[in-house]
Every structure is written in C-alpha cells, then in structure tokens.
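Once you scroll down, you'll see the structures, which are given as structure tokens.
First chain A sits with chain B, and in the next complex the same chain sits with chain C.
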Partner chain A sequence: MTNLTSSVSDYQTQLLQDIFGVENTASIEPRALQIYQDNVLLTAARSLSLTYPVLDKMIGSDALLVLSRRLLKTELPDSGDWADWGSQLHSLLEQSELRSEYPYLQDIARLEWLVSQASRSPATPFVAESLSQLEQPDLSQVFMQLSPSLSLLESEYPVLPMWQAHQNLAKGQELPGSALAAIAEMGRQNNYCVVVQTPVRPDIHSLDAAEFQWLRGITAGLSVSALLDTYPGVDFVKWLSIAIEKHWLLRFC
Partner chain B sequence: MFVENLAKPPVAGQPAVGVGLRFEHYQDVLQQASLSVDFLEIHAENFFAESPAITEFLEQVIAKTPLSIHGTSMGLGSAAGVDGQYLKKFANLVNKVNPIYVSEHACFTWGRINNSLVHAGDLLPLRFDKSTLQTLVSNIDRVQQILGRQILIENIVSYHRFKHQEYSEAEFLTQVAEQSGCGLLLDLNNILINLHNHDSGNLAEKARNWLDIIPQNSVGEIHLAGASPVLQGNLLIDDHSQPVSAQCWELFQYANYRFPQAAVLVEWDNDIPQWGVLLGEANKARRIIDNLVEVEAI
Partner chain C sequence: MNRKHAIAAAALAVALTTLAAPAQAGGKEKCYGIAAAGQNDCGNLAGTHSCAGQSTVDKDPGEWKLVAKGTCETMGGMLKAEAKKRYNESKAGKS
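Right, the complex of A and B next:
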C-alpha cells in the first residue's frame, strides 16, 4: 500500500470495524454510525429471510433479526452478494436457546441453505456419451461424477416433510395439528434427502438409507465396481435411470 | 483512462425514461405485451446466480425492452480495491445482458478486518480528498478496462458529515469524471437528502447550485426517488420507499434543463407499489421532459 492511500485505507478500515462492532474507533459521528449499523442488520435479516423462507415462517421475523445480529458477529459478508452470506446459520441455531425446544431447526437451516445454493447453480445435463464407459470390462476403472449442484443431507428428524409442509403456509400461519402429528409419527429415525438443480428449479428428493449411502459412496470416489460390491442391495440399472432423469448424475469417467 | 461517448438514448433526440425492476414486478413485466417505459434497470447482484430460471427471465425481459445494470456492491472507492471474483460475476452479467447503461456508486464497500476480506453490505461514504480521488479513479479505470465500456458513477447519501473536505461533492465527482472518463449518474433525491441532513437555508437553491458545478456533457443518467418523512431534527434515510417527492420533481425540472440528454430512472425499492403506480411516476417524468405540465401541477 502506498503512503498516498494509507490514510484512505485507515479511515475505511476503521469505519468497517465500527459498523461491525469489531472495535470502536469513533470514525464517524454516533447517529450516523447507528444508521449504518441498522442498515446492515436489516439487510442481513432480509437476506436470511430470502435464503431461509421456511425457517422465517417457523421462528418469525423478530427471532430472525436476533439471529442476524448474532451471525454478523461471526460470519462477516465478504462477496458483495448477500445471497452468499448466512451459510453458518445452522451452527448458530445449534448453539442457541431455540435448540432445546426445536432441535430440528438447525437441520431445517442446513436443508434451506442447500436448496438456496442449488437454486443459484446452473443446470448440468447428463453427458450421454459417457455411458460408453460402462462397456469397459473392468468396472473398477469406471467412476461416476455427480452434478456439481448436488448435495446430500442426513438428519435425525423428518426435516424434508416439515420443510414441505411449510411451503404453502403464509408467514405467521402455523401448521395444523394433524399435519404436525403426522410428521411427528415419522419419529426420530434417520432421514435422508438429495438436493440438486434441474433445468426448471431445484429438486429435493427423499432417499432411503441404501440410496443415500450409494450416493455418498460416489462422492467418496468409489468406482462402479466398488459401489456394486459395497452396496449389493442397490439395483444399479434402476438407479441409473432415476439418476439421469433426476439430474443427479453428470457423467461416467 | 477509458474515453467513450456517453451511452446514447434508445429514442434519438429524447432522453430515455425507465424504472427500476424489482422482484415484485417480474410477472407484471412478463405478462405485458409492450412496456410504456424505454428501459428497465436491474440491480446487478440480484442476477449474479447462473440458474436456469434467472437466465430464462433475463432473456424474456431483454426481448421486451433494453436493460441497464446498476451495481450496488462494487465499492469503487475502496482502498482495498474491488474483489476480483465480484468483478468477474459483474462482467459476465454485462456480457450476457448487453445493457444500455452500466452504473455504480461513488462509495466504498470493501476492506479488511483481521486480514480477512469484508464487504460492508452498504454504500459507505468517501472523504472528498485527493487520495480518495486517486483511489476511485484507479478502480473505475480498472473496471472500465475490464468491461470495455464507460460506466456511470452515482452520488450517494452520506449520513456522516466530514468536517474538512478538499472538494465539495460536486467538485469531487467532476474530477472523477474528468480523470477517469466515466460518466455521472446524478441521484437528485440523494442530493436533497444530504442537504436536508447536513445543511440549512434554501435547500432548493443549494441543490441547483450543486447541479451547476457538474459539466453538462458528463451526465448520462438521472435517478428520481422518494424517502420516508422523519421527525424534525432526525436524519432522512435514503429508503426509496415513497413516491418521488415534490422537491425532487422540482429539482428534476431544473436538472432536465441542465442535462437534457440524460436518461431518467424512477427508483422504488421498499414498500413497493403496484406496477401501474410505478409506471405513473415514470409518466410524470416523461411529461416534465415533454414540457406538458408544470411541476406545480403534479
């Protein structure tokens, strides 16, 4: 940095530190600083409400504002696009007082972040020519590459039915007791889902344990041969058809 | 330095009149066979994502009307520079949309806290001194080279009043335009808010004096907006949540006289009205341009 710009840099760094509460350097007058701090907080809360619309419905705007304030202490925006901010909300929920009564909220947040990320990704069509790789005699040398937008989620709670049940609710509207009871009946068993971008919109699909482990095996870099040996219960031909149709699979390689 | 003539209006001899396109009006725009405005302005960052839905939407809108791209995060006055990843996304969008105007703000947004890159998430005020001028001009030059075109730089609201400035805001922006080859986007509401918050006396006259400092050939676009009223003694906030104010219309009449070729855009970003109401504001601007009504009658 040149001497010419150092004073510019000092002022700008001090104002950023003041706004985010990292330090109090009194770079500008207090009432002006308050406006900038309020602006950032309200923008952050609005951003979270867009990225986490179901969570917003479940906990309400006031709680989301409190979480926004806390999150700004640990995750500073750094890309110039608020849609990139908020990835650590699930961690914040894990440590918050909401956890004891609503332990599933952190997984709802994880799901919504994955949906948000998928929704911002390009759709990647399956490379049909790569099917010829399966003609190789040695399938231990054949691997699968999943869509870059694909993510997997495992939870102790039925987060996908919960998330889906809230899709058409208005803000402030609560789920009917019958719907809550039906979801509760699903119990605290392991729940799995896959999130991926499609040519239309992101798709969220429920998986059973075998399908989930199979997909996880692919992401871990197992060959087709190793996958078939490790998960003999999976019908590969049937799975392949679904994986192509649902845009999970990018190519064989 | 990037030198290019200011963007030409879509209708020869007449300034273009447009409105800001926000999410609440997407369906209105798609459903209308033709639009009564000359262009729509999008906020760049809302279209950074490469999803099929965004690409399809942009294609449909571009088929109906020209777009301008207004950045809200570039922070051209940042001593830390403009983040390369951000610029890459911005340039990709410009290449995709081929907008009639590209604009940003005279502010800073980027910095470092504990050696980590931070974005302010807001338009933060610059000091109007030689060092800041050099920083801003250097960053604008870099962006114009990357984009291969001239950009317009907008005056912002500052909630802080700096006690000792080497330039007035209008002098500073004039220097920026002369040294970088950029054009200027004059936000009349921002001028009025700054005067309301930090000055006294005849604000309308001071606003006209502000405009008089700006060279006529440097202005490519004018923004019109309104702000929520506040109790006496409180600072006005640039919230873009109201119709264009009477003072802003009055100043626009003068600005249109001073900068008759500048495109005009109505901004409304919060408490967003019906699409027809927003178009009505654009129609008012058009009527003033056409000298069909006196400002007092609006």
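Right, the complex of A and C next:
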C-alpha cells in the first residue's frame, strides 16, 4: 500500500485504488486480494441498489452486480461516502448490451441519480422579501434563481410514469411486462420533469414543454422580461404560485 | 402600466397570498436512524464499528448521517440526544 494521506476520504480512495490496482504482487496473497475486491464489489452493488432502487427492480440484482463491477473500473468512490458514487451509471447503460432491448434504462438512471442528489440536499425556502423585485420599473433587470437542488430532465421515454409504477413494488417483485409496455407506448415523444428537494422528501413533477423551456430559460439567465417575451404560453401568475409552493424558486434578484 | 408590469403585479399579489416560508438555519447536524445500510457517516452509538459505510441495517437508530440543520426530524430521524437516550433505554431493557 502507498503512503497514507491526511484525509480519510483520500485514504479511502487510495485504498480502493490499491485494492483494484494491485495484481500479481507477491506481497499480497491472491486469495486475500480477491476477498478485498469481492467485499468492495458487494458494497458497490449495495450502494447502487440504494441510489437506483427502481433500476434495481427493473434489471435485478445480478445485472446490477455486473454493472457495479464495470463502473468500478471507470469510477472509484472519492468522497468517503458511497452515496456520492455512481453518477455515471447512465453512461454505462448507454453503452451496455441492455440498451437495445431497454433503451429507457439510461434515462431511468439519470432520473434516479437526480432524485438521490436532491434527497441529500437541503430544502431551500423561497426568500419572500425578494418578491419586491417584481415592483422594479425595468423587468429586464429582474432575474429568478431556482433552488440549488432543482434539476431538469428531458427524455424520449415516459420515465416518470415508469419510475412511479415501480414505487410500490417490493424488492424482487416485477412489474408485468405488459404494464411496462403500455407505459412505454404512452409517450414516444419528449417527456419532461423537474426534481427538487422539499422539507419532507424529493419531489418529482411532470412538466409540459413550455414549462420545461421556461425553467431552462431561468437557468440560462433570462430576465423576467425576456421570459415573458420568449414564452408567452406560460401563465407567469399561476406558475409563480406553483414555483413557490413546490420549492422550485429560491429568490428574485 | 404595460402588459408585462401588469403580469408582474398580478404575480406578486398571488404569490403573497401563497407564501409560507419558514426560516431554516444553516449548517449540518448528525441525524440518527435515517442511514441506509452501508451509507452511515462514521462510528455508531453501540461502538461496534468506527467507520463510514459499515452499518449493516437500514435506518438503524444507532447509525447517523450528516444532514442539513433542521431537516433531520422531517426525514424521520433523531438528533443525538434523543438517539442516545433511546439507545441507553434499550440497553437497560436488555440487561
């Protein structure tokens, strides 16, 4: 093993690199090294099953174990917290043999990662005092800042209904193929959703195209004036009320 | 008042009626009883391990994770004082 670093997370990373980097070394009994590697692999698979519970139900624990092994080859934990690991699972799925038969899995993974990240973020209440910005004479100088935990997802597949259909299934229980096929048929078009942390748990909400583009416009830094010009189909009065209630909006600035 | 200012004024009026924004203190705190197995942040109350990622049971009341201050109880967890009290009670009950 190499020199220890001062931080525990650095030490963990170094340990994992050593466990997977050391091969055919006379100083380590191969059987002992195998035990360490298997232990890390099972921990990794367990971690992925927690971060991606719906994906786990959809593909099963054996497939998840295979994906864990592949992911460890490209991405090792580096923060000291296994919950931070696995962000690139969607890329792995995109390149995997599962893609041809289940092309929506990568977007299910992207959604679950966003939900996982939101669940680990603080809920941020709307800054009520900032509403006074709406009284400014020049709305081209008034901007909106969304919650730091908010993420947007666009998919060709109805990933949100698929994800929701799996929420009440017990581990090991499968959604009937016909039910999944029926959901998949629902939306071979663009599907949009927003994920955000609330004081209770992450909230995932379906959006229409106009709402999605509006939120994209905010993240792109468009002013209130520009948003109203660019997306006339969005009812700002109604949207603002929903955005505050659903913790999407942090403040006007 | 132009169209955009009329919309902004209406939005302001509606937003004021829907507001209920509790203050939230910054920082983090240890939250017991919420960590999934293998995702605890450090040693547990029982002292049976001293490392992150070594819990073996989901939502073990003796295991903790760091969370944003003020969010622990809303996630169904306990702060250290309560967790310790419950741990001591369960220990006394067993002996």
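Going forward, the second predicted complex is superposed on the first by the 221 of 253 C-alpha atoms of A that agree within 3 Å, B and C clash if a C-alpha of one lies under 4 Å from a C-alpha of the other, contacts with A are read in each partner's own complex, and residues count from 1 in each chain.
Here, a residue touches a chain if its C-beta (ideal position, glycine included) is under 8 Å from a C-beta of that chain, and two chains touch if they have at least 3 such contacts.
For clarity, every value in this text was computed on a predicted model and none was experimentally measured.
In the superposition on chain A, A:I244 contacts chain C only, with no contact to chain B. Within the superposed three-chain model, A:F126 lies in touch with chain C and out of touch with chain B [touch as defined at top]. With both structures placed on the common chain, the touch criterion links A:T43 to chain B and to chain C.
Contact with neither chain B nor chain C is seen for A:Y231 once the two complexes are overlaid on the shared chain. Using the contact criterion defined above for the overlaid structures, shared-chain residue A:I19 touches chain B, although it does not reach chain C.
Looking at the shared chain after the overlay, A:P199 reaches both chain B and chain C. In the superposition on chain A, A:L134 makes contact with chain C only, while chain B stays out of contact range. In the superposition on chain A, contact of A:S7 is made with chain B only, not with chain C. In the superposition on chain A, A:Y102 makes contact with neither chain B nor chain C.
Residue overlap on chain A between the chain B contacts of one complex and the chain C contacts of the other covers 8, 12, 43, 80-83, 121-123, 199-201.
Residues 1, 4-5, 7-9, 11-13, 15-17, 19-20, 22, 28-29, 31-33, 35-36, 39-40, 43-44, 76-83, 85, 119-123, 197-201 of chain A touch chain B in their complex. Touching chain A in their complex are the following residues of chain C: 4-5, 7-12, 14-16, 18-19, 21-24, 36-39, 41, 52-53, 67-68, 71, 74-75. Residue ranges of chain B in contact with chain A, taken from their complex: 45, 48-53, 73-75, 78-80, 83, 85-86, 89, 108-114, 116-122, 124, 127, 129, 131-132, 134-135, 158-161, 235, 237. By the touch rule above, chain A contacts chain C in their complex via residues 8, 12, 43, 46-47, 50, 80-83, 121-128, 131, 134-135, 137, 139, 142, 199-201, 224-225, 228, 236-238, 240-241, 244-245.
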